[in-house]
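Sharing a structure, written as structure tokens. Questions coming.
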Amino acid sequence: MSENVYLPQLARIVHIKDEVPGARAIKTFRVEFMNGGGFDHEPGQCAMISVFGKGESMISIASAPTITDYKQFSIMRSGRVTTAIHDMKVGDVIGVRGPYGNKFPVSDWKGRNLVFIGGGCGLAPIWPVIQTAVANRMDFDKITVFYGGRTSRDIMYAAELEKLRGQADVHLSIDSPEEGWEGYCGFVPANVMDKPQRPDNAIAITCGPPIMIKFVISNLREMGFADEQIYTTIENKMKCGIGKCGRCNVGTDYVCVKGPVYSWAQLKSLPQEY
Amino acid sequence: MQDAAAAKHDAQEFEPKVVAFLCKWCSSAGSDLAGVSRLKYPANAVPIQVMCSGSVSPIYILSAFNKGADGVLVSGCHPGDCHYLKGNYYARRRIFLVQKLLQFIGVEPDRFRMSWVSAAEGVKYAEVITDFVNDLKALGPQTKLKAKR
Amino acid sequence: MEAILKRNRLGQWITELQERAEIYAPDFVEDTWEFAKVGRGATVELNHSNTVRPAKRFVFPQREVLYRFRIENSQSPKLTDTEPKVESTVVFGVRPCDGRAMVRNDRVFTCGFSDPYYQARHDNVVFVGLACNAPPSQNCFCVSVGGSPHSEDGLDVLMTELDGRYHVKALTDKGSDIVRSAGDLFQDVKAADMDDVGNAHAIALEYSQRSISSMEAVAAALRRNFDSPIWDKLARACIGCGACTYLCPSCHCFDINDEVTNKSPLTGARVRTWDNCQFPDFTMHSSGHNPREDTGARLRQRICHKLLYFVETHNMQQCTGCGRCITHCPVGIDIVKIANVMEEGVWQ
Amino acid sequence: MIPVEDIRARAKDLLQSGKVRAVLGYRRSTAGLLAEPAFMTTADETAALVLDPTCVGNLALYLVNEKKRMKHARQSDKRPLGIVAKGCDSRAITVLLQENHIRRDEVIVLGVSCETGGMIDTRKLNKALRGKGATSAHFEGEGGVRVSYVGGGTILPGKDVLADRCLECAKSYPLDADFFFGEKVDERPYGPRFAAVSAIAEKGSEERSAFWDAHFERCIRCYACRAVCPMCYCDECVVDSTNFIVGPTTSADEKADRVRWINRSATPSENAMYHMVRAMHLAGRCIDCGECERVCPVNIPLRLLNTMLEREALEMFQYTPGIDAEQPSLISSFRDGDPNDFVR
Amino acid sequence: MTRRAGVFVCHCGTNIAATVDVKRVAAELARDAGVVFSNDYVYMCSDPGQQSVIDAIREHNLDSVVISCCSPNLHEKTFREASSQGGLNPFQCEIANIREQCAWVHKDRDEATTKAVKITRSAVERARRNQPLTPIGLPVTRKVMVIGGGIAGIQSALDLANAGLDVVLVEKQPTIGGHMIQLSETFPTLDCSQCILSPKMVEVSKHPKITLMTSSEVTSVSGFVGNFKIKVHTKAQYVDPDKCKLCDDCTAVCPVVVPNEYDVGLNDRRAIFIPFAQAIPASYYLDPESCLGLNPVVCGKCANVCEADAIDYDAKPKDSEIDVGAIVVATGFDLYAKDKMAEYGGGKYPDVLDGIQFERMCSASGPTGGQVLRPSDHEEPKTVVFVQCSGSRDPAQHCVYCSKICCMYTAKHATLYKHHVPNGRAYVFYIDIRSGGKGYEEFVQRAMERDGVIYLRGRVSKIYQSKGKLKVLGVDTLAGKNVEIDADMVVLAQAMVPSKGTTEVAKALKIGRDKDGFLAEAHPKLRPVESVTGGIFLTGAAQAPKDIPETVCQASAAASKVIALLSKPELEHSPVVARVRESHCTGCEMCVDVCPFEAITLVEGKAHVNEVLCEGCGTCVGTCVRAAIDVKNVTQLQVFEMLEACMGGE
């Protein structure tokens, strides 16, 4: 067979990092393709991760596009497949096919201010964008990152975020006060409201739980961001990832192909089915 | 052609796969006794111990067939002797219905068995298994519910 | 390429084709018409009304093994590709609505990423259509959605029954091939035959069908009424079964699951099966969030996908008017009625 | 013969007086001969209510569905639902009561007797009419059904066109109704109960096996049979391998640990498993409304599986489903004298 | 699910290794996903064997353990303990039985090994999904309620109280004593029933640990073993037992005369009376049913004469709630109603008596002062016919079972009759004589031989009155002829049936009854004094017909069970119990119906398992069609995975 789009490439887990503990734990898996496989990706794109015998899940590629010798996925334990992958150990092999979906149009944003707003697991999809922006730091003006978790233990990429501080304004938050916490206490949208961002020449990129996105967007609109200046991703249920299985269909779009990255302007024109 | 088919069904060649659901208190103990008495019976049946025959849901039985069992045995305490008093009475009613249903869709009735084996009936357990396996050998492989994947 | 086949030669044609292909034709099974494999020497009548299950299963079977896996050791899984080794297949008696559906399916499975399973099957199947001469079934409405009882779209051959004979028109290379291979069975088409064909087709168009007045207006109305409470009302009786979509010749949604055959070593297959937007969990996220929570939203999706979204992306309805979803809906949900209600805006 | 006006009047009265939040009944359908469910919320709508041999569906299903809808919509209208119920439908209501799925004060049953009639089986009708699509059907005379079709009409004997379930009906009128229409007829001019299942049961086991293999082979697992069954009210069915019940509190483990008893593939073995499990789960609960069989697009005679168990329940355990909301369920009861011979 | 399972395959010397290739088992398991350690050893249960488990758990960080060895009945405990020493929860250790169920019963090495692999693999699947569990601990109330104050209840109460437990004895009647206090003499020794019972009754009333509640009934119970909450309803006490001086003045003035139930109608009493001289509490009792009005205006005579001022017409009934840790049910029996024996003229002819009536007649404190006299004319009966099995062993019309004691008391009655009327003729109709018991057979023989009681084998078909005599028609099957006896008196040995109070109490306590209505024991052989509900015990004739020695045995047995139960400060209950998935439960109550231990109730429309009552039998699991209930560590998922493991293999 020439090109079977359904057949994953095999990739070995080479490193596992516990990001967040608890019932909805998040782990970051670093995988290396076997037999010389692999693919390039753009920030925002995803891949289908297979655990054989359990199934497949669509997961954002969390590593920067510039990194070619491995890919990283930050996966929240949520159900059948994600639990199975959480149960795996270094050396185990998974299947990966991709890259799927569109990308954040980072190259269009040259010279602008970037405001990243993430919550919970939602940092993963925008992380490669942050990485890309930071890698080309000179191309952008101000870079601001808002990120929040429920508690300090729910903050993923904690060390990386610390490192980021040199290159960007990083504002972390947790939902309610904790001893020793120096950042903001409260929800992410409130944190954003607390530190208003100037809308002119800015692009806001947000990702997180639907309810958070909803409030973030309304706050951004209040600050004067135009619909075209706001970007987010949507996570409709997906099975094939290549625009066939019909599951992620919203209006005319198959999110796995036309999405998952949307500007708020685009998203508004779609039926509210995500 | 016919001979080949016959040969395939030859009792020598075909080793039926059997799942035996044994209640912990009577039948499992009975099968232990068979062991202690060094009785011999065919190795086709893999026991699964359950607390009570009453806990054997019909879906267990069907699933065993689906996974490729050629025969399924459910064994519990004699009526009146259930460790939990009435579990085996419920089992009996349920399993009667399962058996009727299997029969109705054309699964040979001998593929499915229920027996009462008390903790003292090691001999009976050995007999039940031997007898069952012989029946199954004559029937050949079970295909109707076995998943072909 | 056109030719005439005597009615009594049909059997012979099929017999000859059986040398190199598996032949399917409608058969009356359990009071329903089904495409069934034609045994050697069996007679094929082609006097069927439409089959209950559409012809899509020849290119998109309900179950397709995508590949098999075997894992002796979690560090070295083995995958075995299972692109279908498809026997050449000729399907007789495909109604034009099913043919037109094939065009829609092609759009889905071959645009963007090409689906190798679909492709492999499609490459090896020849759809021999049969024009509808007889009065339509009670829920047919192909004309309203741009089709016709003798549409050629998506077919490889179209046969039209004439008095004692068939007019056979090959529409693709695959089609020409099966006609040419049995060339001596056929006669040339005469002008009179063409007249008869013309007549037959004209008469078929005369029969009254159910109708939707304006598809553009319907599309516009659907766009307009996305948030209307009418959907809840229309779907109140819907029981969320899969009859409408599984039987639809152009529904293509599927699910992918792993089927395990053995635990140790772990062996099994990744399998795709039909799925259906009317099932409650179809869009349910792992978090429990469900973008289409109720039957209203799901019915809206089905209708809008067919009559609006597909039109916007592919410039054609994804419905070819076969009427199966109406006839087989246990509770009388009716796409034609819904379309008309939408357009006319008459609902309480 | 029940004058439909009486039912309309009653439905109207219930709606007008605000005693019910809606009345479930039947009305004509655009999709074909069979009447479709009508959800009447205003008195005006009752004018469209019909009652004739095309009112095949079992509306008890919607008592279940409406409950889910209400919960979903977080509606608080606590008024009961009126429902037109035939004998079989009312048995379904009784089982729902027995299983605490609904409360008696949540429904107002407008019971209708089928008297000596019943409901039409469109397959039989099509056969009898040799493909002429019927446009309407009414009872006329002794056990006759007047059928009209485009360009004509005829009277057919009921036993030729009535559904098997009606020919074998256990009780053709509701035992538990708030309003009752028609006459209670116990002697019906048709065959014995369980005739269809007996015919199959009498076949040899090989033949029976082949019969079911052929049927299971054809099932497409559209689940119309399950979806239409008022007794199949579980949010999540054990045969589903996907998640139906996921809420904010559903843990990852719970999702990961769902047992895949049956695969989604519509292969003969999985189909057989599905039907076997379903039949077992309906043992003592199926009240023979025949809906599952009616809605099956590929005409699998599902009713046989259920009536076979119904017959066993009656003969071996003297159990009849749907007659007493207080009795314990078939499988949650036993008697010392239950059959024991089959145990070896 | 655990990820690091360890497998230990035992050779059991050669017991296993001779038939099963243990090395192969260990090697095959080592390849399975999730198994990180797999080894074999000659004797796993030996100290070094156990140590190897402990070491491996620590060394390889195992999170579950399977020992492939002998029956779990033998060493499950051993290995679970070893596992917990290694730091695992004991429930994360499972046993795969490859000895009794494999090595010892098969010959072919290859087949046996394959099967051993499957058994082990399915145990691994199970173990990997076992939850760590800890036994459920529950505090106990060290107080016991004994319901029923017959000999059974009295004995239990005394035993319990003497063991230092607080006891509440609840009796429905105004006095304790039950049926035994009505008996005259008792077989086989013919000692006076009242003489042996009265001291015990007094002891009850004096015992500091016993609270006596007469005229009281249990209305409902909540809670569970160790922690019951019981509601008791006490009827109004119009006579204060503490004040009553037993002077009898009140009786003397009471104008009401009604039949005396203690003498089964052979005698009369007043509306205020003392049931019998030895009544405990020792007090007169005002029967509100027959009293003219509890209203001084209507009568008020007794209160007027009572110098102790013990009578209070305004007394109110009382409801109390009592916390106890265990319950002993001793609610006894009734006689099968005489008038149900129409064929024998029961209830129709005054001279057809039942056993208790005859006992009363023979009793020195009875209505006739111990003389045998016909009720109709107070003449001494010259011919008395005793009918055994009256109502017993008669599946067609009456009770199916044997009442067990009638043979004996009939022999006693006939003997007593002969002692009172030596020249009278005593006939006994019997089907067979069941005289199992120490000294019982001798007792019957004595009745026949020494006292000349005439035993006729056969049933009585009819009794009717004719010319002042009771005509008894019967057959003598030994002689093969019909017999007809003109009797002066007939005594029917009526069947024993569960008392009305027993039926009521079973309902209140929600404990099961058997097909005859007697209280159902947890196991007919092994747990005869326990009810199915944990913490509720059964004793006496409420559980089955029995005589006094047996009753006393059982009463003491029940007491000792309670003492054992309450001896610990906390009760331990197996944590292997059912758990409901509320999202899936529809509240259909089928599980509630089937649970043999009444462990499930509906709470807000969902099944709720009382873990303390649940025994983990899984009957509910087999019943619930919605898969909404599972037993921990024997879940449906585990069974599914085990099935897969059993069926797999190439």
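Should a chain be cited, it is by its letter among A, B, C, D and E, assigned in written order, with residues numbered from 1 in that chain.
Basically, a contact is a pair of C-beta atoms (placed from the backbone, for glycine too) under 8 Å apart; a residue touches a chain by one contact, two chains touch by 3 or more.
Predicted model, so just to flag it, every value in this text is computed and none were measured.
Trainee: Count the touching C-beta pairs: is A-E or B-E ahead?
Mentor: More C-beta contacts join the chains of B-E.
Trainee: Considering only mean CA positions as chain centres, point out the chain farthest from chain B.
Mentor: Farthest by centroid: A.
Trainee: Please name the chain that ends up farthest from chain E once chain centres are defined by their CA atoms averaged.
Mentor: Farthest by centroid: C.
Trainee: Centroid of chain C to centroid of chain E, CA atoms only: how many Å?
Mentor: A distance of 70 Å separates the two centres.
Trainee: Report, in whole Å, the distance between the mean C-alpha point of chain A and the mean C-alpha point of chain C.
Mentor: Spacing between the chain centres: roughly 39 Å.
Trainee: Starting from the mean Cα coordinates of chain A and chain B, work out the distance between those two points in Å.
Mentor: 53
Trainee: Can you give the whole-Å distance between the Cα centres of chain B and chain C?
Mentor: 46
Trainee: Multi-chain contacts only, two chains or more: what residues does chain E have there?
Mentor: 1, 594, 623, 627, 636, 640, 644
Trainee: Could you say which residues in chain D touch two or more other chains, in rising order?
Mentor: Each of 238, 243, 247, 250, 255-256, 261, 263, 265, 267, 280, 331-333, 336 in chain D touches at least two other chains.
Trainee: Please output the residue numbers of chain C that touch at least 2 other chains, ranges allowed.
Mentor: Chain C, residues with two or more chain partners: 71, 74, 255, 257, 259-260, 266, 268, 271, 284, 286-287.
Trainee: Under the stated contact criterion, what part of chain C meets chain D in this complex?
Mentor: So the residues of chain C in touch with chain D come to 29-32, 34, 49, 52-53, 62-63, 137-139, 236-237, 239-243, 246-247, 255, 257, 259, 271, 273-274, 276, 279-281, 284, 286-288, 293-294, 326-334, 336-337, 348.
Trainee: Mind pulling up the chain A residues that touch chain D in the complex?
Mentor: 23-24, 77-80, 82-84
Trainee: Per the contact definition, I'd like the list of chain D residues that touch chain C in the complex.
Mentor: On the chain D side, the touching residues are 29-32, 34-37, 39, 45, 57, 61-62, 65, 69, 72, 123, 126-127, 131, 133, 215, 218, 220-224, 226-228, 240-244, 246-248, 250, 255, 263-267, 291, 294-295, 297-300.
Trainee: Please give the residue numbers of chain D that touch chain E in the complex, ascending.
Mentor: Against chain E, chain D makes touches at 99-101, 233-236, 238, 245, 247, 249-250, 254, 256-257, 259-261, 280-281, 328-329, 331-333, 336.
Trainee: Please output the residues of chain B touching chain E within their complex, sorted ascending.
Mentor: 15, 17, 19, 29, 31-36, 38-43, 46-52, 54-60, 63-64, 67-69, 80, 83-87, 90-91, 94, 126
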